[in-house]
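Heads up, there are several structures right after this.
Each of the next two complexes has chain A plus one other chain: chain B in the first, chain C in the second.
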Partner chain A sequence: MTQIAKTENMAMAAKEIATRTRTAEGEKFRERVLALAGEDVKTCIQCGTCSASCPTAHLMDTPIRKLVKLVLEGEKEEALSSRSIWLCTSCLLCTVRCPRNIRPMAVVAALKTIYEEEGNRCKDSVFEGIFGRQIRDYGRISEFLLSAEYMIRSPSSAAQIMAFGAELVPKGKIELAFDAAKGERIEGTEEVRRIFELLGDEGKSKKTEETEEATI
Partner chain B sequence: MRIGVYVCHCGLNIAGVLEPDILTEFAKTLPGVEVARDLQFTCSDTGQETIKEDIKEHKLESIVVAACSPRLHEPTFRRVVSEAGMNPFMLEMANIREQCSWVHMDEPPQAQEKAKDLIRMAVAKAALLNPLTGETMPVSREVLVIGGGVAGIQAALDLADCGLHVYLVERRPTIGGYMALLTDVFPTNDCSICVLAPKMTDVYNHPLITLVTYAEILNVDGSVGRFTVSGVKKARFVDEKLCKGCLNECAGVCPVEVPDDYEFGLGKRKAIFMPIPQAVPLVACIDPESCIGCGLCAEACPVDAVKYDQKQEDFRFDVGAIIVATGWQSFDPARKEEYGYGRYRDVISALQIERLLNAAGPTGGEVVRPSTGDVAKSVAFLQCVGSRDETVGNPYCSRVCCMYALKNAQLIKEKYPEAEVSIHYIDLRAGGEGYEEFYIRAQRLGINFIRGRVSEVEEVDGALRVNYEDTLLGGFRSKPYDLVVLSAGLEANRDADVVGNLLGLSKRPDGFFEIAHPKMRPVEAHIDGVFIAGCASGPKEIQVSIAQGEAAASKAMGLLVRGELALDPVVAVVDSEKCIGCKLCVETCPSMAISVNGTALVDEAACKGCGTCAAACPVDAIGMTLFSDEQILAQIHAATAVKGQYPFIVGFLCNWCSYAGADLAGTSRIQYPTNMRAIRVMCAGRVDPAFVIEALKGGADGVLISGCRLGECHYSKGNYQAYQRVQVLKGVLEKVGINPGRVKIVWCAASEGEILAKEVRKFVRELEEMGPVGTELAPPGSPQPSGGGS
Partner chain C sequence: MKLAYYPGCVARSTGREYEISTRAVCDALGVELEEIDDWNCCGATHVSNEVVSTALAARNLVRTDIPVMASCSICYSRLRAAMIRLEDRKVREKVNSAFDKKYEGEKEVEHVIETIARALSKSGDKDKDQEEEKGPKDLVVRPLAGLKAAPYYGCLLTRPGGGIDSPENPSILENLIRTLGAEPTEFRLKMKCCCGPIFVPEEEAAADTLIRILLNAKESGADFVVALCPLCHLMLDANQVLLEKKFGEKISLPILYVTQMAGLALGLAPEELGLDINLVSTKPVLEKLAAAEGEKTEEEGAEVC
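Up next is the complex of A and B:
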C-alpha cells in the first residue's frame, strides 16, 4: 500500500468514527429508548450483572449490558439488528439484580417496540398475531388451532419446531383432541375483546408494549 | 436611630430574581434610614469596608443587611459592625436569598414585593435594637470519647496529651475496634495490630485517660460545655484489678466452647475468654450467655479474680465535649443470596479472610477452604457486595474494599505463588497516596483483574463456580474457584443508634451520622460540642479515621482549652416592678434558669434565650434582650403594613429547626408561594398569643407557627408549650367568631425544607377557601372585603 493510500484510508476511518459518534438519528433513538425504558438507564455502570444473570445469554450475539451501552451511544443500527432482543424471555432476573435499579429488560422491550415502530416485522409476529387473535376471540388458546394456523401461515418457521411439538403430544402438553379444536370460549369474551380494542390492533401495537412497560 | 441598609446582589443569586437597586431606593423611604446601598457581594472585603466607612461617615447606629440567611452570615456582619466600633448586636438581617429569591424564582414581581416587606420588617426591628454584651461561662475541660476503635483511640490520646482529661467508653471488652482484628494493612502491608497495640497500651497507661470498657451509655443531659453522661459498665465476672491476663489457667479448664465472634465464626472460644491476645485491658471476661456456672475457672484462677457475683456498675461523668467514634458494621453478605454466603462453606466474607491470613487467626495464617481444610489453590474476590447496590439499599461506595481486596490478594499471592487469584470488579478505586502504586504491585504479582460484576456463585459437583460477563471482552463466563471471598461493604453501625438518639445526631440517607457540612466541617455534628470521627460518619480507611480522630480532638480542644465559653447575651430579663411572683415562668423554663424569691430572677448563664417564659408571663413582666416583644410587634406591624398579596400569612419560625428548614428549602431551590412573611424567633415557644392576635388584627389572613418536631425541641419542650398555647388560642378565636383554622402550627426539622414548603402551599390553599380575614365576621348579605390579587 502506498503512503498516500494509507493516509487516505486513515482519513476515511477517522471520518467514519466522527460520523458514528454524533448523529441526530442516534440522538433521537437514544431519547426514544430513554422515554420508554426510563431515564435511569443513563446511570448504567456497565457492570455486566444483567448479561451474566441472563438465562439466554449464551445464545445472544450482543450481551444485554452492551445493548444498554449501544443505546446510550445512539448506535441505533447495531442495537436494533442484534438477535439478542428477540431472545429475551422477560424473566426479569437482570432487572431484579441490577445494582443501579435500571430495568435492562425494559431496554430490550423498548428496542422491540422501536423495531416495530420502524415498520419492521419480527420473525415471531406471525405467531404472536395468531396467539393474540385467539385470545381475543375465545379468551383462551387452543394448541390445535394455533399449530394448524401457524403451519399454514408460516410453514418454514413452523417446520423448525414441529419435531419438538411432536415430542410434547404424548406427554400431554399439547391437547390435540377434537373438542379442544372447536374453539371453546371462556365467559366474558366481550370484555376481553374490549381490552383488545382499547389496546389497539390485534393487541400488538405500541400501546401494548407501553402498558407492559408500566407494569414492570 | 440612624440606620444603614445594604441590599446584596449576591451575584445573580438575588439579583437574578429581585431588583436590588429598586429595593435600595425603597429602603431609603423607610423611617430612620440614613443611608441605603446595593452591593454586589456584601460579605466581600469591599462590601464590608463600605459598611464600615458608612458607619463612621454617617454616624450610623444600627445596620440592616438584606442578603442571605442570618444563620449563614450574621456572625460575619456582627464582626464587621463591631470592627467599626459599633455594638455587634446592632445588626439585623433581612433574608432575601434563602427565603425569597431562591424559593420564588418563577414569580419575580411577587418576590420583589415580599423582599420589600422583609426589608421594612428588618428596619422596624433595627430601630428597636439594644447594645448587648456577652458574659462567659466556665466549662468542663473533660471530654467523652465514645468508641475505642482507632479513631477514638487517636482522639483520646491527642486530647490527653494536651492536658485534657478524657473518658474513653467502649462497648466491647477490649478497645482496638476492627483494626485490631485485621491482618496486614494497606498500602504498606504492615501488621495491623503491631502498629495499633502501642497506641492501645498508651491509652491504658495514660494518666489523663479513664478507660471504661464493656460499657453502655444510657443518658446524656446538658449541652455544650456541660454535658452530664451516665451509663453502666457491664459485669465481666472477673475482677479487673486482680486478673493478671494469663488466661491459660481459666480458659484451659472451661468446658464450654462457642463460636468466636472475634473470628467471625471461623474459630471457637471458651465461655471465659480474652477477646484478643493484645486486649486492653488485658482482663478475661465471662460470657454469661454460654457460661454453665461449673466453677472450674474460679478454682483454677491463681489470684481468685473470678467473681460470679460481680454486678454491673453505674458511671456518671461531667464533660464539656463529646466525640462520637462509634465506627461501622459489615454488610451481611448473606443478604446477597445469589452469592451463597452461609449456604456454601467456601464462600467467605472479607473479615473472615482477614482472620485466615492473620498469623494469630484460627488457621495460623493458612488460607484454607473451610469445607475441606485444604489450602485454597484458586481464590476469587468479589467486589461491591452490598456497596454500590440499590437492591440492598446501599447505593454508596464503601471506599475501602478495592484496597483491602488488592491487599489480601497480594498477601495470598506472596504466600502461595502458585495460587490463582482473581479480583472481579466493576471499577477499581485506588485514590490515595501510594494506592495506585499498590494496584500496580498487585498487577505485577500476577493477580487477575476481571471487569464484570459477578451474577451468582454456584456449586457444581462440589466445586464453586463464579458466573460473570467479562465486560471488557464481552461474553458470559463461568469460572471454578476453591475459595470465594465476598468484599462486603461498610454500613452504619446500628448499635450506635442509641448514642445517636441520646445526642440528637441526624443521619444521612445512607444511615451514617451527618456532619455539620459535607465539605467544610468534616468532624462537627449539628449539635454544639459534639464531634464525629472515623467511620461513624461514613466508610473510611484507617489513615483517614486517624486523621479524623486528630481533627475531632483538635476541635474539642479549641472549644474547651480556655476553660470558658462566651455566652450568648440573648437572655430573659425580669421587670421586678411588674412581676407578681406567680412562678408560671419557673414551670415553663426548660433550662431551670428562673427562681422566684418574691419576684422572679433569671440566671443569665443558665438561660438559653428561648423566650418561652416571656410568652408565658401573664403580666408581661419578662422581656428578652433580643427578640423582645417590642421588636417582634414592630416586625408584625411592618409586615402587615401593605399586604400586597392574598392570602397574606405572617409566619413565626423557630431558629433551630424551622428557620433552618426554610433556609434549606432555599438552598435546595424548592419553590413555594410568596404569601408568607417570616419572623425568626428562637423557639416556637416564644410566640406570645398576643403576637398572633396582633397579626390577625393587622389584616393577616393566617398565622403559621413552625417549631422543631415534637420531642426534638432545641430547648426540650418549647414546641409543646407552643402547641398548648395555640390550642387555647384557637378556642378563643372560635368564640369570637374567627375561623380557628387561620392559626396553624406545624413541625419541621432543619432537614425538612420540603415539608415547610409543602405546609406553606397547603396553608395558602386552605386560606383561599376561608376567604380574607374577617369575612366570617361579616353579617350575611353584606359586601365582602376584597383582598389584593395574588
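Up next is the complex of A and C:
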C-alpha cells in the first residue's frame, strides 16, 4: 500500500469514528451516564489504575478503563453490550484508587441503570431486578424468596441454588416455612416504594415493566 | 454505652450466628444495642441507581439520633457511602423529597469490629493505671493462645475510604487478633473481594476466586479464618463443601465471625456464639483452644508443686 493510500484510509477511518461518536443517540447516552456517575468522569486520563485493581478484570471482555472511554465517546451500544458491567463485584477498589477521584464503579452502576431503563435483559439484570422489587415490596430481602424467584426466571441456575440450599436449610439459615418465605414486610413499605418511584424513574420508559417477563 | 443496631437482612437468615454472637459480645462488653425501628434493606450492591440506593441506606440513618452500628461490611459501606453522597445538597434535597423524616446533619456509623476494639482498648487503659501493663486483661478472660487466625478483610469494610482503616493495607483486624491472644497469619489475599455479589448469576467466576482465597488462607497456617461480613462468610463457609467438590480439594477450614472469635476470648460459651451454626465445623478450633489451656494448667500445676 502506498503512503498516500494509507493516509487516505486512516483519514476515512477517523472520519467514520467521528461520525459514529457524534450521533445524537451517543451524545444523549454520554450525558445520561455523566448525570448518573458525575461530571468529573470527563477528567479521566485513561491511566488504567481501575482495570489493574479490578478483581474480575481477567474475566472481562472490556476493561473498566475502556468502558469509561466508550462512555466519553458516546459508544452506547458497545458499552451496554459488554459483559464487564455484570462482572463488577462493586468492591470499590477502582474508586478508592482512582488518581482523578472519578468513581469508575459509579460508571458501571450507571451503565447497569441505563441497560435496565431501556428494557434490556440478561440473567444478571434479572437478578438485580428481583432484588430491587423485593426491597420495594417488602422493605427487606428474604434470601429464600430471592433465590426461588431467580430459579424460576433462570432455570439453568436451579442445580447450583438447590445444592447451596441443601447446605443452608439444615442449619436453619434458610427457612422453608410459608410465613418466613413470604418475606418480612416492614411498616414503611409505602415510603420505600416512594423512594423507588420518585427517585428511580427518571429516564425509565413505561414499557420497561411490560418487557420485564422477557426471556433470559 | 448505647448504639443503634442495624442488623441487615442476612442477620435473620444465612448470617444467624453473626447476629447471635454480635448481641452476646456487645452484652459482655457492656454495649447496649437498640435495634433501629422498622429498618429496611440497605440495597446492598444490587440497586444500581445511586439516588435510590443512597435513599434506601439513609432511610435507616434518619430513624435514630444515636451512633449506628452495623455488623455487615456491605451495610456498613452502604451507610457510609450514602453519608458521603448526602453531603451534596442536591442529592440531599432529592432524597429528602421521598422521606417522611428528613435527613439532616451528620450521622455516626461504625462497624462492630470498631465497637469491640474500642471497648477492649478502654479496658486496656484501666489495666495500664493499675499494673503498668498494657492489655485488656479484665475482659479477655480466655486468651486464644496457640491459635492462628487468617485476617480476612474482604473488600467493603474499608471502602469507600476515609473510614475505619486504610483501604490498601489495614491492620485493625490483626491488632484485634493479637489483643485476644491469638496470632494473625500472613494472609496475602486478605483484601481480595470474595465475589459474593455476583455469585448467584456468575457462579463460575466467583468460584475461581474463592478457592484461591481459601487455599491461600490454609497455606498461611491458619487454624481458622476471621470474617467481618456475612456475604464473605457465606462464600467461604457454607460454600466451602461445594468448592471442595468442584475443585477436588480438601480444605476443612473453619470460618469464624469476628464476634465469634472475640466472644470465645471474652469467655462466652460456644452455644452463646452460635458456633454450632457454622457449616464448616468449628470444633477443631475449640479443641485446640482447650488443649492449649490444658497444657498451660499442667505447667502452672507443676510450678505449684
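Everything that follows uses one rule, which is that the second predicted complex is superposed on the first by the 111 of 216 C-alpha atoms of A that agree within 3 Å, B and C clash if a C-alpha of one lies under 4 Å from a C-alpha of the other, contacts with A are read in each partner's own complex, and residues count from 1 in each chain.
In this text, a residue touches a chain if its C-beta (ideal position, glycine included) is under 8 Å from a C-beta of that chain, and two chains touch if they have at least 3 such contacts.
Model, not experiment: these values are computed from the prediction.
*Asks:* Taking the superposition on A as described, I'd like to know which of chain B and chain C A:A109 touches: first, second, both or neither.
*Replies:* A:A109 sits against chain C, while chain B stays out of touch.
*Asks:* Using the superposition on chain A described above, determine whether A:K66 touches chain B (first), chain C (second), both, or neither.
*Replies:* Touch partner of A:K66: chain B, not chain C.
*Asks:* Could you look at A:E78 and tell me whether it touches chain B, chain C, both or neither (first, second, both, neither)?
*Replies:* After superposing on A, A:E78 lies clear of both chain B and chain C.
*Asks:* Considering only touches as defined above, state whether A:Q46 meets chain B (first), chain C (second), both or neither.
*Replies:* Only chain B; A:Q46 stays clear of chain C.
*Asks:* Could you tell me if A:L199 is touching chain B, chain C, both of them or neither one (first, second, both, neither)?
*Replies:* The answer is second: A:L199 touches chain C but not chain B.
*Asks:* Mind working out whether A:E118 is in touch with chain B, chain C, both or neither, as first, second, both or neither?
*Replies:* neither
*Asks:* After the superposition on A, what does A:I174 contact: first (chain B), second (chain C), both or neither?
*Replies:* Touch partner of A:I174: chain C, not chain B.
*Asks:* One more residue to check, A:A57. First (chain B), second (chain C), both or neither?
*Replies:* first
*Asks:* Applying the document's definition of touching, compare chain B and chain C: which contacts more of chain A?
*Replies:* The partner that reaches more residues of chain A in the superposed model: C.
*Asks:* Thinking of the overlay built on chain A, is A:R100 touched by chain B (first), by chain C (second), by both, or by neither?
*Replies:* In the superposition, A:R100 contacts chain B only.
*Asks:* Using the superposition on A, tell me which residues of chain A are in contact with chain B and, in the other complex, with chain C.
*Replies:* 96
*Asks:* Looking at the complex, which residues from chain A come into contact with chain B?
*Replies:* Those residues of chain A that touch chain B are 45-49, 51-54, 57-58, 63, 65-66, 96-101.
*Asks:* For chain A, which residues count as touching chain C in their complex?
*Replies:* On the chain A side, the touching residues are 36-37, 55-56, 59, 86-93, 95-96, 106, 109-110, 112-113, 116, 123-124, 126-128, 131-132, 135, 139-144, 147, 150, 154, 157, 160-161, 163-164, 167-168, 171-175, 184, 186-188, 191-192, 194-196, 198-200.
*Asks:* How about chain C: which of its residues touch chain A in the complex?
*Replies:* For this pair, the touching residues of chain C are 9-10, 12-16, 38-41, 43-52, 55-56, 59, 77, 94-95, 97-100, 155-156, 158-161, 167-168, 192-193, 195-198, 200-203, 205, 209, 238-239, 241-242, 277, 279.
*Asks:* If we count contacts the way the header does, which residues on chain B are in touch with chain A in the complex?
*Replies:* 338, 384, 388-391, 426-427, 451-456, 467-471, 474-476
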